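Have a look at this one.
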């Protein structure tokens, strides 16, 4: 039987090819993670298990999509940066975004118990994803800076908030009244003077978020018993660094390439 | 610290709002399921466990998105039909597609062992998804007919193919040589005369695919011991019917509505 | 010399094919016609010469694009309705809109002196144009109603305004103070009681705008001297009618077709 | 009367905002100019009157749109290059393209008799226009090179063709047989050996097309009788130069800016 009589309906599919020659960023973000993190008793302000799970899902995405040059994540979000000339799925926006969001979500469930061995997953999460184009290197850097500033602002606020609640005896309401509308300096000061916390001494993973890049790494392998050899291999590394200022980019010139 | 210096990068996000007043279909399809089904030893031609898992994921999507009026799936694909006036995510294409594809994939992993208790999931699957608009009822019906014809063509072919291999002693190469370029009649005839299989007697779930709709169903509940009451409740039903011809639509007038 | 080295730049052109199966409306509107009409001393509130020129340009567009089923215009705007299945320029939005806007503008200049024989054109006008899709007949009718209501509102206001200025001795400031925020009834009443003008007796072309349709018209032709024959021919007719209510559509069933 | 009942139809208009941060090129091209040029007896291979008219229309577009940094035209086409950060019409594609195409077409008719004083315009022309984004300077240069190579290829062919017809006694058929599939060298050689024409000595306006840029030009003005002053003023200049190689861009660094 020929399928041709109905095949005309394919004409209603639209072309969403993305402009070539631009950095292509796919940013995904967990749906309703305020609730999901609460329903699964995530530590506050940040749950390191959750972060490590997110990073592991991101690495799986990078293994699948070879032309991702850098990923950056914090909280319930991750941004994947594709090379300017990436031809992934012929740059079809929906195809790229849906494959990534579903692969990420599937890994989130698949790897859950590795990171949360004692916590039953009550229901599976979902993630939205969007493709955004950035035509120039400096704009791409501004994009990543935007996300890292967001990480900083939220983390400082959440740290101050939960410190007030957990250690300062505040109710959540009181804590938010204390903090709302205040500047960073105020929160830093408050953490330091009232709780003797130097915010900058907190783990960088919380303050900076996670940067995943591909790197040639040296590994020492025991080839035969007692015989150790150095092997170079492409792997993924996670960095918890400032990517807003120039040093990061000077240290990793291969990311932006030529 | 103000985030405003970098916030201009949001201007690079584009608007992909879908035209109102049209049926909105999201079709998702498993990535590389030829390999996935093989790596997980799916029965051939069709694995009922796989179908039931797909249907269960689709039902989860329908529970999350209240304005899906019908879903249709077979093989590694599912189509979700949103009401013409659905305002889901303000009709933003990527937001809709990525949330659905990730929710579906997450459920696929989450529910895997319920349907494949004896088969370890070796790696998680992913799904692409696309949004397509159909401006009129008859075109929507043609779309669904297109998918059901596809189900029929593939299932008849696969049934004949694997019967030749499993019961006819053919190698896969011989089977495909035998079948390629032949019409439906030929395959029906072959199944009947050589293997005494009446194709139309095979389970409808294989031949027709799965149609999920919401229905008000009557349930008998034992309210207190010995006291049984009828309760009406909205639930999901799976139908394995012909949706190409008119009777299906006459039987379910609420799907297309006014 | 081969052009191939540079030809890759074509890849940056994007596809803007419009969804099939929908009414396709192209609405154009004069740029800065407040100034243009003033610089060319258009009569107030409406200049019939300007309207007739607009209508003649629209007819030229309809002659060029055979699948326009109806056009509607008033003031400095015109809407062209293409049949649902129109394949004009393969439904490429920019191609359609730019060809129409340029053809319309070129005719506006070309035919200017036919309608404004005594008024030098000081500079040429320009027009924007946009393509909009309407998936159903009733929505298309609502679109056209929207434009005709706009015509009515503006014309009633402008009529009242200029009557107050020209015959009521008001300054423009006084006239707008008198009218702003008032309802239709008030303006009708004002025209009637103070100036003895029954708004509904004003020419329909002002109150209703211009509807252009293709019609088979009978013409009496003198074939040879003294011998008159009836000939049927497709031509364009301009109607100044209410298209909001049903009778118009009952009288012209061929416009919406099946 | 409120217009609100119908105003919902505006929701069907779609957003076609163009990505920021990219060179925005609008290329327009005459519709059916093979016929238009024939119907108006354009000289062959090129009519200088036609070119000058095109250039004058392009200048009018540049006067209207202040952020065009360069325009390039030949034959029946013109490309307008907007600055990367141009905010013209908020970068709405259709609005930009339709306004430009209509303004260009209107000027074409408006200025016709200035350039073709002896030739009646038989009907007005129309132009399509499209917006294309180029994310980097080198790609923009490749775009312009693509158009200038096109100018060169066509002009060399047409020059050889019409020389064969006008001076070589060929019929058009014979001329095209002679030329089809030949390389540039062959045509150069043919012009030189058979007709003593050194192609490179032909006017640059034919060989290179027309580049319009804004320049600060010095003018000598007679302020009061006998008193001459130098005045600097921004004006438009037309250049007939090679823009493929670097010298042009070195000479005009302000075009690409920083």
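Order as written gives the chain letters A, B, C and D; numbering starts at 1 within each chain.
Following the convention adopted for this analysis, contacts are C-beta pairs under 8 Å (C-beta built on N, C-alpha and C of every residue); 3 or more make two chains touch, one makes a residue touch a chain.
Source: prediction; values computed, not measured.
Of the two chain pairs examined here, B-C and A-C, it is B-C that is joined by more C-beta pairs in contact.
The interface formed by C-D recurs in A-B: of the pairs listed in A-B, A-D or B-D, only this one shares over half of its residue-numbered contact pairs with it. Put simply, the C-alpha centre of chain A and that of chain C have 53 angstrom between them. Inter-chain spacing, taken between the CA centroids of chain B and chain C, is 47 Å. In chain C, 12, 14, 19, 21, 133-134, 139 are the positions where the chain touches two or more neighbouring chains simultaneously. Residue ranges of chain B in contact with chain D, taken from their complex: 11-12, 14-15, 17, 19-21.
Residues of chain A that touch chain B in their complex: 1, 3, 6-9, 12-14, 16, 28, 31, 64, 93-95, 97-99, 101-110, 121, 123-134, 139, 142-143, 145-146, 149-150, 152-153, 183-184. Across the complex, chain C is touched by residues 19, 21-22, 133-136, 139 of chain B.
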